[in-house]
Each structure stands twice: as structure tokens, then as C-alpha cells.
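Here it is: the structure, laid out below.
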Amino acid sequence: MNEGLYWEGMSLLDFARGPAFRWAVIIFVIGIVWRLGALLLSSRKDLSSPKGSTTGGGVKTLLTRSAPPHELEKNIVFQHYTGYAWHIGMFVILLFGTPHMLFFADILGFTWPTLPTPFITFFTVVTMGILLTLLVRRMMNPVLRKISTMDDYFSWLVAFLPFLTGFLAFAHITFGIRYETMLALHILSVCLLLVWFPFGKLMHALVIWPSRYKVGAAFARKGVQA
Amino acid sequence: MSATTTVDYGTLGERAAAGLKPKGLSDEQKVERAKEAMIAGMTADMATYLESCIHCGMCAEACHFYISTHEAKYTPIYKLEPLKKVYRRELAPTRWLNRLTTRDITVTDLENWKEFAYDSCTQCGRCSLLCPMGIHIQSMIQVVRNGIAAAGMAPAELQAVADEQKDKGSILGAGPDKLREVVEKVKAKGIDVPLDKDKADVMVLSSALDFLKDEEVLAATARIMNKIGANWTIKSDGFESANFGALAGDRQAQRRISKRIIDAAASAGAKKVIVAECGHAYPVLRWEAATMYGKELPFEFLSVAEYLGQEVKAGRLKLKKVNGGDSHVTFHDPCKIGRLGGTFDEPRDVLKAMGVKLTEMESHGRTNLCCGGGGGVLMLKSAKRLREAAFELKREEVERTGAPTVVTACNTCMQNLQIGKEWLNWDKDVVNLVNLVSDNLA
Amino acid sequence: MAASKTVGDALRSNGVSRRGFMKFCAATASMMALPPSMVSAVAAAIEKARRPSVIWLPFQECTGCTESLTRSHAPTVESLIFDSISLDYHHTLQAAAGQRAEDAMEAAMEENYGSYLLLVDGSVPTGDYEAYSCTNGHTHLSMLQKAAAGAAAIVSVGTCAAYGGIPKANPNPTQAAAIQDLVKDKPIINVPGCPPIPTVITGVLAHYLTFGTIPELDAYGRPMAFFGQNIHDRCYRRPFYERGLFAETFDDEGAKKGYCLYKLGCKGPITYNACATLKWNEGTSWPVQSGHGCLGCSEPDFWDKGSFYRPLSAAYWGDAKTVGISAAAGAAAALAASALARGKQKKAQQEEKA
């Protein structure tokens, strides 16, 4: 792109694809690495003798925690698997939608097969439906109402907007707004997500791994599969 | 500076009556001390956990107190709110930004959180197994207790006994003298109790919570140890399994109390220390004592169930069939021995050796449902309603097995189940493993 | 040439039959989305229209716009219209040259002051670089200002005149500007494209001749009739986009089968022009049909939007170096924050032991 990041008459789309995205990526990277510094807090060395391998337990839990024993989660199956459903939808759209694949291909240097548009459209609509359902649940369920914060709602919005704007742009359903404006809004919504990511609960995508490892290690130390 | 060095506590009764408000601590000072304690107790693991919560609320569905009452405030992660706030504001990498969005804790928060850190949490760890993010909620409840205790606001019942145990080494007045008294009673039954041997391979612990009732458990334990033929002793300067410092959240007390056991075991040259059937005693000694003491220990801590299981498997403990082989039981895994201790097979090996028919509850082993009494909750009057609600869950589970007897290996579980049994006129038998084994020695 | 003859006279004298003329009017009317009932009105207007004087000023341009407009294998009604407009000044097309040509232009401008149409192609260098594009010793900026003063309306032909085009592309060494940036007091119709489609020009002129007004323009000053829809919506390969069938390279199976060219950088979705419907060379073909993605040449700054072969969805995320520096900055912040936090923890732990 134009070496000077800005030029006269830059359209919203040019801004979204250009300087906005560049800075979003910069803030994203700085923020993530910065927040992962949480892992560097001091720890008291545990001087008791372990009953099992912490590394083995930790690694195992990375995966097994995705499917807890039935008797533990029998009351919460809906929440758990609806949560998975929308994440799976998100990954399908993100990885197998052609425009997204092209975006990643630009960074990674290789391409991969993608799904036809109607599939992506279907997944997007279903994923948005699930997200809306979960939002309503958060607003109505007493436990969730007790523990929810502004972060939860704002992160929901930041996560939802790319689906909405992407869907409208990709399907060219733009309610009279020009296509490139819709596309610009979609890219800007992704910029917003990137900028918010390190500072809200979206960060869970990264911290889930050390967290699961640590609880797995902690229980394995006691001789218990976590 | 900790809460205990600058103030005058007066007598036990005065302390309990006053709800243990140390003279001279203002609200600001209480909050300050609570924060200091929580900052001191944080680890990198806890920081990772606190960064991970996505407010999904799944942990509630693992907690017996939530399941039995459906009150949203008992959601496990909610119990950690003060710690989360202190972490975010004081230690998190992005704390300068967090301070804009996270309120500071107040003395009212500490007051309100007594219910969540003490009354409604037995530190059973079931929530830690369910959280999809892998948050070890249980490991952090203790730090919240540390904070509340440092502010001098731990529940009076627990702090009072913690102080007594720290300063005098006794619980509810039952110290070495009481032990000697009970040992005499056991000896009078014809059971040898090698009290205060200079050196021994195995040091056995008891608990005032046991022998304040009667000498049954100590007698049973002694009989088994003698049958095994171990070179064992029980030391009057280090016999108490329970650690009320840990229950109250008073770290200084916890450390001092654990140290007595360590010193006694070291001076006896013991290789094994058998922790009596007591819930929190095992994890406090097995997992935390060495770190608090500052050195790796030359002996290993074993729970009674663990030890018995090992001895049965090694063939050193021969048992006969209970009731000639006609016995149907279910086993209630104590949370602190099982999920937080890693001991599931050993008690089952013992039961198998006694030829009982074992029907497991739906949640057993590492997923067992807490009885509702551990972590000091049994001692709290204010938690009675919660214990009763939790007991209902347990009762249903036991009844679904069809077994007429519940066997367990923890004094607190025993007591809690007994109380429930009396309250509901329940028709099941509640038996502890030590007594069962002692009655069926081959 | 005097501006006294009407357009109708001129056409007749060139042998255009009434039938041929009406066919042209019908086509023009339909191109401008006028109902069939308007055809006779269009015919009557064009017939009676006095041939307006037209001054064509080429500035910092490549002459491609003129080439596009005048390229025809056989005389067409379009080119005749052009001839029948009093094209009083056009470097490339006029026979005269030198001072004579200049004098002729001056005369025409004076005679038709206030009513001539000014057609411009090419951008205009400004500032310190004003002299980089001159004719007959006059800078193009001064020529533009002089000619614009007496014009009824200005038509910026081609993307260079409309938006600055290629000369304006980074780093814009001549400080080239678009006509609309320099002339603020006259109606301007932008007819961008690199080059624009010939029929679009005649359509605009036909509109002006018929109604004496500027056609409806979009936000970029382009006639809605031709620049009102985007290429993507009218592209014949759109079904392949929808079905997810793309050409991966310029000579693979997909390319041979005529699949969508999105992955090869087609800017159709954000380009507004008539290429997909009117096509080029009298409807022969257009870039996508020939197997190359749309360049977006009718859009402002199309040259500065990055590679023509970079797909629209590939945003400019930066580069590995920037990411590396950001990560290092984050790490520095993390280490500093952790060190301070650990200090706090240590202090608290020491107090605890006390």
C-alpha cells in the first residue's frame, strides 16, 4: 500500500484495510504479550513430594477438560455444548471462508481449500443465532446475572459485530449502504476486536491453555486426573 | 505486620464474644491487611486462573451448595471476587488500566465474603474439575480466607480455636493431658498404645475431635497398628491432625501448628506419619506443610485410608469378611483424601479385602459430591442451613445406590452424615473405615 | 467551424438516415434509463440542438482517453456526433497546429463565452511543479483557470482529470491535482476510467444536448446512469463467486473455465463503472471476460490501493518486522510489570513472616 500510511481522499475502506488494520495489529500484539506477563508472577516452590507427573497431567488436561465426566456436568450440558457450537461455527467461517483464507494466506504464504459461499452463509446465520441465544441466557439466568460484568457484554458485542457485518457484506445485503462501506465496517469491526482482545475476556482464547495445564498439573501432583 | 503481634486478645471467651475484632484496627487497616495477605498469597498459577474466567457460570453446577439451594451467590467463582479485584488492581500486568474499571475492595466486601469463603465453601475442589477454562478455584479460596483472617474478620468459632491451638497446642481444651487420659482408657481395654516412644518408624496422629467424643477411634487405630506389627508411636507434643489455623485462614497459626507435627516426627525419626481420619488435616500436612516449613521432609504423610490400603495390598494386614460376606455398602470419598489427596483405590482395596459388595454413587472417586461439612463449615452455626441442604443431595445419592450402609474415611464427613442422619431420622448406617477394619481384623 | 448548424443538419448532411438516427436516440434513451415515450423528445432535442462549442484541453495525460474515444473501425454514430459537435480545439484530432490552432481556440472561447463545454483529460501539476506540463508556454494550471472561467460546464474525462489518476499516485512528484480540486465554481461531470468507455461520453453529451442539464451524479461526481452500479453486481461471473469457484492462477483450470477472479485481485466489488454491461470495443469484451481482474480504474486513487493482484480481503496488516517490534514492546512491558508486581509480593510476604 501507499508507503505513507495516509493520503488525501482516503476512503473509509482504504482506512480500514490500511492504517486502521496496521495499528490494530500492533496494539493486539503488544497487548497480548504484555498481558501474558501474568504468567511471570512469583510462585512459591512446592516442596511436598508429588504423587504423579505434573507435565503429563498438565498436557492431558489441555484436551480432557473439553469433555468433563458426565456426572459433573449433567446440569450444564446445554451451556457447555452450545458454547462449543458457536466456537466451531466461528472457526469454520474464519478458516474456510474464502476471503478470510486469502487474508491468512497473505500472512502465512500458503492457501488451503475453502467452503462454498452458501455453507459459510449458513454457518454465519446459525452462529449468530447461537450468540444471540447465549446473550439472552446471560441476561436472564440468575447465576450469569450475578457474575456478569460490562466486559462480558462488551466482549459479546465486539465478537458479534464481525459476524453481522461480514454476513451483510459477503451476502451483499447492505440496506442501501454501499458495499465498500459495509466491507469497511466489517474490517473495522475486526480492528475493534483486535484492539479489545488483549484487555477483555476475549483473551481467554490464549490463557485457557496455560490455565488448563496448570490445573491439570496441580491435580496430577496429587495423583488425580483433572 | 500481621494481625496477631500488635493487639491484645484477652481471654478466649472475650475474643469469641467480640467476634474477634482486634482493638484498634480501623476499616482502612483491615482492608490494607486483607490486601497484603492476598498479595502475599498470589502465585503465577493463580494469576493465570484469575485472568481466565469467562463468566460462564458452569462452576455453579459442580457446587453442592449451589445445586442444593439454587442461590446464584454461591457460584464458586463469585466466592473469589475480592481476590480477583485485588489481583487486577495490584498485581495484574495491565493493572494501571484495570484500576479504571475494577473497584477496590471495602470492609463491607470482607464482611460479606465471610459467607462465601467460609460458610458456603468446604474447599472440596469439585468446581476446579469442571471449569472449562481450567481455573483451580479451590486453590484460591484459602487465599481469600487468608485475607479475611488477616483483617481479623475470620468467623469467631474458627479464629478462637486457631488462637488456642497456636498458642497452647490444644483444641477446645483437649491437649496432651487429655490425650494421656484417653490413652489410659484405651490401655484399660487391653489395647497397647506406645505413647511418646523415643524413636519409631510410624508416627500416628489422632485428633481431639475424635477423642472428645470417646476413645473408640483411637482404640480402633491402635488395634490395627498393633495387628500390622508396625513400630509405631503417638507423640503427646505432636498428635493433633486438625489445623484450625488453616481452617480460619490464619497463616501464622497454620505454620506453627504444622511445625509441631513436623518437629515431633523428625525427633522420632519417623518414616511415615499417619494422619487420622480428618478431612483438611491430610492436604494441609501432605501438600502444604513442607513448603511452609521451608524444607523437603524426610518422612511421608499418609492418610489412614491410604496406609491401610497399602498394608492390605502388601499382605501385612489380613482382614475377614464383614458379616460373613453379607454386606452391602457404598463408599463416600472424602474430598480431602480423594479429589485433593489422590487416594481412591486404597480404601476400595480395603473394602474388597473385607468382602463387601460395593455400589458406587453416581458421583464417586474424583467427582464425588462433598458431604457439606468440610473446610470448617461443620463448626459454623451460620452454615447450618447450607449443610442441611447439601446433606439432602448426599442422602439422595446414597439412597439411589440401594446400600444400607455408607462407609467413609473422614471424621468431618462422619459427623456431618451423623448429624444429617439424626435430623432426618435416616435409616442408613454411617461407618468410618478405621472402625470397620478394626472390627474385622483377621 | 461555426456553431450555427444544428446537430440534426450535421447528421443529415453526413448521410445518417432518419431510421438510423431514431435507432441511436432509442439506444441513448434506454442507456439513460428513460422510458420509451421519451425517445421522440430525445430525438427532437438532439435534432434541434445547436451544436455547442466544445473545447478539449489535454493536460498531464497519456492520450489514452482520446484514443479510446476515437478508436473505431468504421464511422459510428458516436463518432459522427463528435464530429457534429463543434469540436473547436483538440490537439490530437485537429488538423491545425501551432499558433494558428491557439488563435482558433482563443476565438472560439471568446465567441462562445459562457456557453462552451470544456472537456479535459489528464491531471494538472500545481505548486512548485506547475511548469511541468505546458502548452505553448502556458502552464496547464493557468490554461485551466482561463478556460474554466468561460465554460458552461466541465467534463473531466478519465481518472486523471477526475481524481488525479496516475500522476497523483504516491509520491505525486508533480503535485498533480484533479480538476474538481482546482475549479470550484463550475459544474463538473467526472467521467473516470482508465480510459473511460466511449459510449459513456456520448451518453453524457447526449443528455446535455437533450436536457441542457448535467445528468444525475453520484457522490464522486460521476453520472449515475453509468457509474451507479458496481461491476460485481453486473459481472457475468458472479454465480461463480457465490458458489465459491475461483481461478487460483491465470492459467489454471478455473481460469480456463471462466471462474471468478476474486482470488487474483479483482476489485469488481468496490468499482463502479459500466464495463460489465456496455463492455469495450463496441461490446466485444472487457477485462474480466478476457480473464483479468478489474483494476478499479474508475475509482479515486486506484493506483495507490496496493497490488492489483492482492485480493480485496487481504488487508494490510503490517509486516513481520512490525509484529516483531510490537512483541518486543509487549515483552518489555510484561517484564517491567511483573518485576514490579513480584517486588510487591515479596514485600507482602516478608511482612507476613514478621
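Quick notes
The letters A, B and C name the chains in turn, as written, and every chain counts its residues from 1.
Operating definition for what follows: a residue touches a chain if its C-beta (ideal position, glycine included) is under 8 Å from a C-beta of that chain, and two chains touch if they have at least 3 such contacts.
Just so it is clear, the structure is predicted and the values come from calculations on it, not from any experiment.
The pair with more inter-chain C-beta contacts, choosing from A-B and A-C, is A-B.
Chain centres defined as mean CA positions place A nearest to the mean of all protein CA atoms. Comparing the centres of all chains, each the average of its CA atoms, the largest separation from subunit B belongs to C. Between subunit B and subunit C the centroid-to-centroid distance comes to 80 Å (mean Cα coordinates, whole Å).
Once the centre of each chain is set as its mean CA position, subunit A and subunit C turn out to be 41 Å apart. Contact with two or more other chains is made by residues 31, 34-37, 40-42 of subunit A.
Residue positions of subunit C touching 2 or more other chains, listed in rising order: 333-334, 337-338, 341, 345.
Residue positions of subunit B touching 2 or more other chains: 42, 91-94.
Across the complex, subunit B is touched by residues 31, 34-49, 51-52, 61, 65-66, 68-69, 71-73, 75-76, 79-80, 83, 141-152, 198-199, 201, 203-204, 207-208, 210-216, 218-219, 221-226 of subunit A.
Partner subunit C is touched in their complex by these residues of subunit A: 1-4, 7, 9-11, 13-14, 16-18, 21-22, 25-26, 28-37, 40-42, 98-100, 102-103, 105-107, 111, 114-119, 172, 179-180, 183, 187. By the touch criterion given at the top, residues 333-334, 337-338, 341, 344-345, 348-349, 351-352, 354 of subunit C touch subunit B in their complex. If you check the complex, the residues on subunit C that touch subunit A are 163, 170-171, 230, 232-233, 241-246, 248, 262-263, 269-270, 300-301, 304-306, 310-318, 322-323, 326-327, 329-331, 333-335, 337-338, 341-342, 345-346.
Partner subunit A is touched in their complex by these residues of subunit B: 42-49, 51-58, 60-62, 66-67, 70, 72-73, 75, 77-78, 91-94, 97, 101, 126, 128-136, 139, 286-291, 293-297, 300, 338-343, 362-363, 366-367.
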